[in-house]
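Two complexes follow with chain A in common, the first pairing it with chain B and the second with chain C.
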Partner chain A sequence: MKSAKHSRLGRSWLPAHILVWLYAVLLVVPLYYFVASAFKTNEEIFASPFALPSSFGLGNFSTAFHSADLGLAVVNSALVTVFSLVLTLALAIPAAFALARSTGRLASLVESVFSLGFLIPTFAALFPTFLLAAATGLFHTRTFMILFLPATAMPLSVVILVQFMRTIPREMEEAARMDGASTFAVLRHVYTPMCLPGIATVLLLNFLTFWNEYLYSLVIIGPDPAQRTVQVALPTLKSITGTDYGVLTAGTVLTLVPVWIVYTVLQKRMQQALVSGAVKM
Partner chain B sequence: MPSTMSRRGFLAAGGGLAAASALSGCSALAADDDDPGTLVVHSQLGTTAPGSPTYLSALDRFRKENPGLKVRNLVNGDDLPQVYETSRLARKEPDVVMVNLYDKTLAWTDVGATVDVKGYLDDWGLRERVLPVALDAWTDGKGRVRAFPYFATNWPVAFNRALLDKAGVDRVPATGDELIAAAGKLRRKGIAPVTVGGNDWTGQKLLAQIIQTFLTEDEARHVYATGDFGGRGARQGLEYFVELRDAGVFADKAQGLTSDSMTTQFNTQAAAMQSAMSSALAKVPAEVARHTDVGGWPLAPGAAHDKPTILRTYTLIGFWISPNGTKKIEAVEKFLRFMYRPDTVSRFIKEAGRDMALRSDTVSSHFPLVAAAQRLGGDVSQVLLPDLFVPPAATQPLITATSTSFTRGTSAAKVRSVLEAAYRGA
Partner chain C sequence: MTTMTSTAGETAVRRPTPPSPDAARRPRRQGGTILALPALVWYLVFMVGPLVAIFVVAALHWPGMLQPVSFAGFDNVRTVFDDPVFWDAVSNTAIQLVVAVPVMIVCAYMLGYYVAQKPPGHKVIRYLLFVPGLISTPAKAMVFYAALSPDGLVNGGLKAVGLGSLADAWLASPSTALACLIALDIWAGIGFTAVLFAARLGSVPEEIGEAAQLDGAGHWRTMWRIHFPVIRDYVGVVTMLQFLWTLFGSAQHVLLLTQGGPGSSSTTLSFLVYQKAFIAADLGYSQTVGVFLFLTGLVGLLAIRRAFRQNH
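Coming up: the complex of A and B.
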């Protein structure tokens, strides 16, 4: 009896199993193609794209690393990304805290202004941003990007964090106040720890955006190997008169390693944040 | 004794110290464009482009010979023109730019983004080093020399003799009919006849070459400058192209292929013929190069040329001098004199298989197909590379139109229509 029921249940779940496995294959196949290509020559990539590499030598990785100076580029990207993330959080957390606790019209207006930031297309801001960089003398520097990237990230960061902070009961703050906590202490010891999943979400989303940013880095930071980021260094492996796709793919794999590490570390927090309220965490 | 600093304070101070040292260690955050003791060169060479190792080695040698002069090498790929233009707008442009005369760069001298180098060429006594035909190509309508010419390229057709033999084709096709017959035989053996990147610039160049079968040089210049493909010669050329295409001369799905898939098909012997730049010929594996001939594109009856055609250009890479470069002109002169030196030029020919726009007796001995292309001389007829005549705004639309042209079943009238449409916004 139990066996028959189990069998019926198994059959009814079969389509779901098939779909899940198909989805998994859809994700794994491009990843396999991507990683396998990093070990191949152009001829192997074009002639037999899904075959295993004939050798697992690291020549392509070495060529990519040295010829595009990827080591320095990764350091530059890390500097720009980390400093931008720190600045983003330093600005967004207090801003969200203030907006979440305020009930006046002005706060509502300021929150709307932050939301309007989503409406500015990337390309539309390029030229004014370039002019600003030139006028401030920060053109061809990473400093400008460290100041600029948080500005672009503020709308999303503030909107997400405000929603998290609004779920925190006022009683928590009142209890802290009765213990003599200042406003800053409330932010630091009550709101910030309880919003960690939200902060992790903001960190992860902004990390991916900052790390992968190409257009502004290309124009503002420029092509100097001492300053350029990985996203600017990587395309130099592409040539109009014949690209070595093995080397290009190997370079791409190298620059994705930090992304995979950060994603692995933060993704669980983000998933938790998406499925549960901040108070439950 | 209790610690005066908490653990968090210690970590914060350590983090701050690490950040400060990282920032100072990896060059200052401030821009470094204005250093008068540094020559800044912006180039497309430096990573994996053909000739990059030779170029980097030449830079090292130049630095050793000029210890008091710092040289900074900036590298970009296809996005170099855009990056240069924005840096020029900010007045922080590099001193020397190495890029070809094409698309956006056609306007640089006119708008003052780079300077006329004619005076420098004469003052430094370098005019005699340049091939006259190259000098002509780099001179604009107002007599200004846009840059110091450097790289050139041949663009012959490569024929894999072994594959032709295997298919029973006795000799390299010299006419359209012979090409169509050869294509049929190759297809029966499962070999793609002519491979071409129908989705990118290689397809656009081959299409231009075939259209010029029925055009004189002046007519071709007019057609590509105005976008008027309605003349008799242009229409005949389009019909010839369509006839070849629909007879199966080009590889299957050519409209989706790119320059990279083209060279790979030829290098892996999946295809028997390709129209390729000499830098691509330099990369043909030795075992394939051994039984490859180079020649021209087969002609049709009534053609305006008496020999099969090839493309050839002298505008591949030149040294452009920027307004900032004129402020460090002594350094620029040293650099240009060094790059024009016969031994430096010879190294590009010998080590990288590059064709040069400068006089040299050196032959690409390690690159037999490049050398063979250099020797073609009077065996072929030369057609125009349209890059110099196509208005910059029409360049990319023309490349996009290429894909439609290589789609089987598209009529000659339709091909003409998409080519002309590419010029409408220009």
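Coming up: the complex of A and C.
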């Protein structure tokens, strides 16, 4: 079967192979350039952009780390991401549970209200959100982002979790009820453990979104080094260092490391997350 | 990531609620709906509230954060429509959409089809395609900044192959700034979208393609005549998302790479919303463009949905 499949992709596929690998090269070259440049000086980068670095000193990394306070920024990003993820799950799991098991008209109305959230352009709402932050006295704080980000994640998270929870047979709940379980006990001991794959999916997708969030963090948290996230700190390297490309690329590489580790370790899960997030019809 | 978000949403919007034959038998289940309340409140406060506020602020004279506010009615609309910068932004956005979205969707579909055939090395390709999806907007912008600056990768590459005369200050030149932003969209968008298509094509029954091949259809025909109609709805959904993503998301790249310049040669509508609100502090103007953007998004969505639903 397998060989039959490969023979199907005959000589006529040569242009396709070439084009696809060309695109792959286009994806890899800038990344290679980045990692290589992180170990070079400006002069080396200009003189031979494609050459391997002559030494693997970590000078650029420590300069980037210190001049843009990247260490603190990573901590801030981690705080925002982790607390937002916890809050997202705390809100989305009970909501999905309620919507998945109830059959009333109200529930389906609530579900479609969540679904319509996908049509809201979060970007156009940037200024009103900024007003909201100012009105609540949480402007220029990470706290507001921790409260705000879960709201943006709610439509996707609820929709995915509802789909997972609908696959759990009703008999499971009935059995638990027979044993005298309360609604909360059913949620805790039946539904939550059984839809762990769904929860993992929601966690991964939101991890990427929260960690990489830029525009809202820039406007809401602002430039204060004590509060800003790593995505906001990164572009400041451009001006602080008078564009020392070595330092700039080193800083960028640093911000990619957490995402990279998660992706490489959980690559399969990540692809599955993508499939359930986007393809479930 | 917004991409994925909205895909699932579209799906859910369209999918009718499954009939529940046993609803009448178990009325007590409905009591639990209250557990959805905290999530709903959260979402209404932080998402729906600001959306409504866009329309309110658009009807106000608000020349700066600390300035007095007065009701303007449709004055802002008149100011915006009389401003040549706004029309530059409209045409830049139109160019961006007309070039980026079709190129991205067509290339991504073909690439997704290629990956779904599981050619040699498809696992490596799949791993790489997702890479732009992982990189944050500032990091992507830094990649392009370093590549396109006068001493950057592209000019270095041109000099290395003896085409130094073609080197340019790509981001600072009025004729290429917008093109660079479009290239960034396409570069990052194709791979990611292709992964979505590959995943969807993977769930098309293999017999369909095999039957067509037995009838003598080549791969090109199978790709466009057999598989494309099967996943046509899904292509429509992804197109809508890329359209929205390009329309709304371009502000971040513009802000990081060109600041809308030189002149207004790379000012897009979404960047204009940001620039008027947070740099020029003309809030009524900014939100009027926001409303315009929102309506454009809505009209575009309906048009794309229609285009992909005809002859079905």
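Throughout what follows, the second predicted complex is superposed on the first by the 221 of 281 C-alpha atoms of A that agree within 3 Å, B and C clash if a C-alpha of one lies under 4 Å from a C-alpha of the other, contacts with A are read in each partner's own complex, and residues count from 1 in each chain.
Convention: a residue touches a chain if its C-beta (ideal position, glycine included) is under 8 Å from a C-beta of that chain, and two chains touch if they have at least 3 such contacts.
These numbers were taken from a predicted model, which means no experiment stands behind them.
By the document's definition of touching, neither partner reaches A:Val35: not chain B, not chain C. Once the two complexes are overlaid on the shared chain, A:Thr249 sits against chain C while remaining clear of chain B.
Contact with chain C, but none with chain B, is seen for A:Pro150 once the two complexes are overlaid on the shared chain.
Using the contact criterion defined above for the overlaid structures, shared-chain residue A:Ser67 touches chain B, although it does not reach chain C. Of the two partner chains placed around the shared chain by superposition, chain B and chain C are both touched by A:Val219. Touch criterion met: A:Leu138 reaches chain B, while chain C stays clear of it. When both complexes are overlaid on chain A, the residue A:Pro235 reaches chain B and chain C alike.
When the shared chain is aligned, chain B and chain C each come close enough to touch A:Phe46. The partner of chain A that touches more of its residues, comparing chain B with chain C, is C. Residues 45-46, 130, 219, 235, 238, 243, 245 of chain A touch chain B in one complex and chain C in the other.
Residues of chain A that touch chain C in their complex: 5-6, 8-9, 12-13, 16-17, 20-21, 23-24, 26-31, 33-34, 37, 45-46, 49-50, 91-92, 94-95, 97-99, 101-104, 106-108, 110-132, 147-148, 150-156, 158-160, 166, 170, 183, 187, 205, 208-209, 211-215, 219, 231-232, 234-235, 238, 243, 245, 248-249, 252, 255-256, 259-260, 263, 267, 270-271, 274-275, 277-281. Residues 1-13, 15, 17-18, 20, 22-23, 26, 29-36, 38-40, 42-43, 45-51, 53-54, 57, 110-111, 114, 117-121, 124-139, 141-143, 145-147, 149, 151-153, 156-157, 160, 187, 190-191, 195-196, 199-200, 203, 213, 218-219, 234, 244, 247-249, 251-252, 255-256, 270, 273-274, 277-278, 283, 286-287, 290-291, 293-294, 297-298, 301 of chain C are the ones that touch chain A when the two sit in their complex. Those residues of chain B that touch chain A in the complex are listed here as 19, 22-23, 26-27, 29-33, 42, 44, 46-50, 52, 72-80, 82-83, 86-87, 89-92, 201, 259-261, 263-265, 267-268, 270, 277, 279-280, 283. Partner chain B is touched in their complex by these residues of chain A: 42-43, 45-47, 63, 67-68, 72, 75-76, 79, 82-83, 130, 133-134, 137-143, 218-219, 222-227, 235-245, 247.
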